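Before anything else, here is the set of structures, which you'll find just below.
After this come two complexes, each holding chain A, first together with chain B and then together with chain C.
Now for the complex of A and B:
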């Protein structure tokens, strides 16, 4: 947030989302190591530290780190069972993976100066499309063509059913779009707002309310990080329930 | 007064798209307020419905995020 040549403040709230190559200045290709790669790897390392190393003791009376791991595990396990049903429990590892990765990537992104990988639609779209493909394949494997009854609302009057079928098909295919943009948009919006406040913090007397604003937004962002990880996984559970029990 | 009309339209459009974020705020407030009203009438049933609450909030919020995205696209991508 430096001052420009003619004295005015320069707002560059989106610069924090720039993808840069870590080694060298070459063009960014598919296998270039970028800061996105680095922070995704750090998220995985953090998950391993908490879930594997932290819970290694397997004590009856858990230590602090072990009880954190157990709480996260129990939380996601209960979510899958309550929302998607008991027969969705074979898919629990996948949902647990999604939840942990999003949660840790969001929280790591809150460290000042770090890079938020989940603010990129490219990252979240991969996860959302993976969920979409998984759910569609599971639906067809488990139910065969009966899965298509998801689009045929048998509880509605017969005349309305074709119209509803069109709407259901559209809303089914919009799922990966809204699923990915919800997470990326929420995270990106919060971080951009913090940067906008940070630009005001350089402006003399305005700095006091600006820093208060940063503090408040940061608190909100911690909340949003956890809630968006929760929302992403709970929507995965809802989609999975639709795939396992397509009948309305 | 000279200027780029297309750029002006871009910024006006971005501002108009930001109205959608406010509309989404109304929607999310509606969901949460109605949940609270129901939860206070029947507190024992409220605990089991938090998942539904968050799903409702997520769906209402998605459209606001779409508006935000349109505004961002107009500002930086077009």
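Now for the complex of A and C:
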């Protein structure tokens, strides 16, 4: 895919992110079955396999697949409890949904030739905005107007407080932007770099360092996949903590 | 793939192709809702239940172990007590036995002593009787002999006189 017909090298590192209709060539409407649909469905299937089929034994001494599901459960459960507090546990399924979707979408995206749904800003932005709205609504429902004290840093000198309030408000509204771009940017950049290396690997002596580069980047991307899922989730927990306990 | 009739795609990021956004957002929402229901209705209760069961089992087992340990301590104490009881019982029986034997022995000893003293008294009596009769015999022989000697030497003495002298001498 990197070799053009006229023999030169053509870099198309972004082609892997194209949203295509799976059946037919028509324009992509809202309900068109696309590669997005396919890879999201595969993520759902993978999640069901790991979290339901794998954990089905419910043994006192866990089987291997059960251990995996239990470790993921314990990891996210502890994160929610430690970061956001015990009263955030009702939101545990919601946070678990985000974590598992991002984790599995990232990992499925590492399969060569696959489509990475989390590399799209549309996907991550929806999740980030959903988190932003949830947190804001929860904050106001649980605390009423006291939620606004999040922006009023009572520990700062009085003269500084209005300035800090402006900064806090801006940073609050920037949250969904950084939250979504961090994930999509990391995933997209890594995949694009791998593709650039792949273009060089097409031939010649340059192929050797290029293939080594792909290998190294791939290892890094495995790490990034897990870490970005973790970062997205822990930030959600931090925002949720702000909503439940807005006092500094 | 983009059809050739489409306006040339902006080179670069398909991420910024707004025409695909509704599609992506729709399928994302479907996906998240499905995952949410699978997790909250099936997976999380399943795993959480398994973890709770395990914690419960461990707690129960620890409690049972504690109970059994307590029982073992009690059993040991009971055993020690039984041992001590048996020991004191044995000592008591031994002491009783000893006392009984001692008493019996004392009785037998007393009986034997009495018998011995009776026998020795009897013997002493017999001895003194024999001694007396011997003395009498000696006296009689001495008297007779003295009388014969006096007679032989031409004297005469009554048996009575001689007897008195002999008796006198023998006393001395």
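General remarks:
By definition in this document, the second predicted complex is superposed on the first by the 240 of 248 C-alpha atoms of A that agree within 3 Å, B and C clash if a C-alpha of one lies under 4 Å from a C-alpha of the other, contacts with A are read in each partner's own complex, and residues count from 1 in each chain.
Definition applied: contacts are C-beta pairs under 8 Å (C-beta built on N, C-alpha and C of every residue); 3 or more make two chains touch, one makes a residue touch a chain.
Only a predicted model underlies this, so the values are computations on that prediction, with no experimental measurement involved.
Of the two partner chains placed by the overlay, only chain B lies in contact with A:227; chain C stays clear of it. Of the two partner chains, both chain B and chain C are touched by A:14. Between chain B and chain C, more residues of chain A are touched by C.
In the superposition on chain A, A:79 makes contact with chain B only, not with chain C. By the touch criterion defined above, A:32 reaches chain C but does not reach chain B. By the touch criterion defined above, A:240 reaches neither chain B nor chain C. When the shared chain is aligned, chain C comes close enough to touch A:92, but chain B does not. Touching of chain A by both chain B and chain C, each in its own complex, is seen for residues 14, 188.
Contact residues on chain C toward chain A in their complex (touch as defined above): 1-3, 12-17, 19-32, 34-36, 38-40, 42-44, 46-51, 53-54, 57. By the touch criterion stated above, chain B contacts chain A in their complex at residues 48, 51, 54-55, 57-58, 61-62, 65-66, 68-69, 72, 76.
The part of chain A that touches chain B in the complex is made up of residues 14, 79, 82-83, 178, 181-182, 185-186, 188-189, 227, 230-231, 234-235, 238.
Residues 14-15, 17-20, 25, 27-32, 34, 36-37, 40-41, 43-44, 47-48, 51-52, 55-56, 58-60, 62, 66, 69-70, 73-74, 92-94, 96-98, 100-101, 117, 119-123, 126-127, 184, 188 of chain A are the ones that touch chain C when the two sit in their complex.
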